[in-house]
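What follows is a set of structures for review.
Two complexes follow with subunit A in common, the first pairing it with subunit B and the second with subunit C.
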Partner chain A sequence: MSAGKRMKGLLSRLIIALLFRKRMVKIGIYGPPNAGKTTLANRIIHTFVDENEDIGVSTEIPHETRRVTTRKGIFIDLKRITRDETNHGSSSRTDSNPAVAGGKRSRARVVFDVVDTPGLATKIDFRDFMAYGMEEDEAKRRAKEATEGVIEAIKWLDDIDGVILLMDSTEDPYTQTNVVIIGNMEARGIPIIIAANKIDLPDAAPHRIKNAFPQHRVVPVSALKGDNMEKLYEEMARVFR
Partner chain B sequence: MNLNVVDGVEGGEVMKRHMTTPTGTATGTGTDTGIEMNLVSRDKVESMGSMEKLRFILDGVKSGNIVVLEGGLTAEEQMKLIELTMMEVDDDFTGIEISGYPTKRSFLNLRKKTRLTVIGPAAKMKTIRKDKDLISAIISTT
Partner chain C sequence: MHKCLKCGKKFERITREMLNGCPECGGRLFLYIREGEGGEMDATATELVDRIKIEERGDMSPDERIESLRILGTGIYELNLGALMEKKELIMGIKQDGSYVIHLPSLFAKKRR
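Now for the complex of A and B:
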């Protein structure tokens, strides 16, 4: 092949790449420690990438995730099915199974990088980790890493295009940390979805989250059991594309 | 000791209140175990630059004081304060407890107006209840 033809081929690929490339959207999963952020990130990857791939490990010990972890190029392609049910007394409904055919269909798709972040906290005491059976040295090391993780998570806000704010629906949602995250997203004009996690637990009260933050979309889910995840994926495809 | 902060209280320039607890006086040891509170007026808060404000707060809190800012901090300032706090957490200073009234929209809905923020050492202060016009916190003197 001549040098001229090679150059022409390179040029055409470059033009195609420039014209048709899809900008990757970075979605940050934020929230307080132990809200289930890594469990949610793993669930998303299991659903759309590989059942055996994990982004991180989830345990009951707070600050298990102490470094920001990214999984690139996750492609959500949902066939949204909207049925006109006005004759049946409701305006519209979105089918819970994205693969089911029928009805009035529109494709909802988004390609994104998922960014799993350490839990945001205003206090970290190494003695709290010792309650989980850690030796003092290990607890101090973990506390130090946890503080660095919080700083890293905050710095990542500058590079994020959208946020899933995960809250534990068994806890009081009206914490200053949640208020601060939401306030920062609003100030930066970054779209936000609140996921009310752990709805599989008996004392879950996702309505408290809806009442606390009525100006935002709240999707009740169980990242662990997979409950209502389709609704969250639909919201992600709609809000973050 | 319980601390209730209610909307509508006007502050002075920088008013310092030294509160002696019942425990402190009851022991009769003569040692003062009170908690110092710094009530900072809106004028004072607005006269400081962003970083100066955060340094002022964190220095006060690290000294064991409760800092109450009339006019409060913006969400961005609060996030910066969390970041700064995390840089200074060690074995003795475990972080901060922060609480504030939610912002209100100003005239013509153009700008969000911050209201009041309370910050204290995490080891001494714990918010027990918060709604749009009331913050209730426990201050420990031990």
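Now for the complex of A and C:
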């Protein structure tokens, strides 16, 4: 390798290091059980990393995710995603991308680690799992693991730079869990984006979430169908930089 | 069907006036009777109050509780999210009989950051 090429390689590495030095942020996806946290994490990874890579399995049974899982080094490039979506003729875009439209390409890029967490709940009862056809022993084991998972998720908050608080927009948002999470994030000074998930369902009412927490940004999305996800990525790039 | 618990008058549906009290007697307590539950029709307020089962509850409000986790039985847990988030130590309450377990490693653990 010539000295010139080596110099160029070093230079580009230095530029990348400088460019992203302060942008390696850990984003935690938090929320009550069955809000769609793993579906959202999988959606983000499918969009920005690999269509075949999953962070976890999502099912209709609550507390399916019982350990914190992390996918590191996800590079959000809104210019790229906007172009891809346009090429695929996606109809899910609801508005133009201001980060790109304004010509500020650097503003639309962010590198982060995504942390998928077990659902936060105030009560975990093995009998709830038996309703899904689980044997008693298995249900009790799941309840124990889910409880450990909640504690692990909360301990992780010490290492989190930003939170996507995911709520199910078909449910009443004014729950003890949501209020406690928001209050604690505010006290810690951790930036939050509230994602009102499941807007593809007929009884979704994301405005209820907006009304309940007017002091925070609320982005209605469907992690399952991919609706309005670009808006969420824009907010992430803006808020979590 | 709604029944005024003061005068006993029954109403098919709630009207705007009833929001300020029973049009007959001004009573503010109404019993909602589902279809097929006619047995409740003649109950008096005192009988109904006696029938309400109050869940066994601790003496302290959630804010005053010291435990971050309460184990109510095998596979039944009650989590105090506020305490879990605010305190680094784990204090477990066993059932509701005033027994507590303090998890010492969590108290001594160094902060990760």
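We take it that the second predicted complex is superposed on the first by the 189 of 241 C-alpha atoms of A that agree within 3 Å, B and C clash if a C-alpha of one lies under 4 Å from a C-alpha of the other, contacts with A are read in each partner's own complex, and residues count from 1 in each chain.
We adopt the following convention: a residue touches a chain if its C-beta (ideal position, glycine included) is under 8 Å from a C-beta of that chain, and two chains touch if they have at least 3 such contacts.
The model shown is predicted, which means the values in this text are computed figures rather than measured ones.
Annotation: superposed three-chain arrangement on subunit A; subunit B versus subunit C shows a clash.
In the superposed model, A:135 lies in contact with neither subunit B nor subunit C. Applying the stated contact rule after C-alpha superposition, one finds that A:174 touches subunit B and leaves subunit C untouched. When the two complexes are overlaid on their common chain A, residue A:50 makes contact with neither subunit B nor subunit C. Contacts of A:158 after superposition: subunit C is touched, whereas subunit B is not reached.
By the touch criterion stated above, A:125 is placed in contact with subunit B and with subunit C alike.
When both complexes are overlaid on chain A, the residue A:186 reaches subunit B alone and has no touch with subunit C. By the touch criterion defined above, A:77 lies against neither subunit B nor subunit C after alignment on the C-alpha atoms of chain A. In the superposition on the C-alpha atoms of chain A, the part of subunit A touched by subunit B in one complex and by subunit C in the other spans residues 120-126, 140, 143, 147, 150-151, 154-155, 157, 176-177, 180-181, 183-184. By the touch rule above, subunit A contacts subunit C in their complex via residues 120-127, 139-140, 143-144, 147, 150-151, 154-155, 157-159, 176-177, 180-181, 183-184. Interface of subunit C with subunit A (complex): residues 62, 68-69, 74-82, 84-86, 90, 111-113.
Within the complex, the subunit B residues that touch subunit A are 74-76, 78-79, 82-83, 85-87, 89, 91, 94-100, 102-103, 122-123, 127, 130-131.
Within the complex, the subunit A residues that touch subunit B are 120-126, 140, 143, 147-148, 150-151, 154-155, 157, 174, 176-177, 179-184, 186-187.
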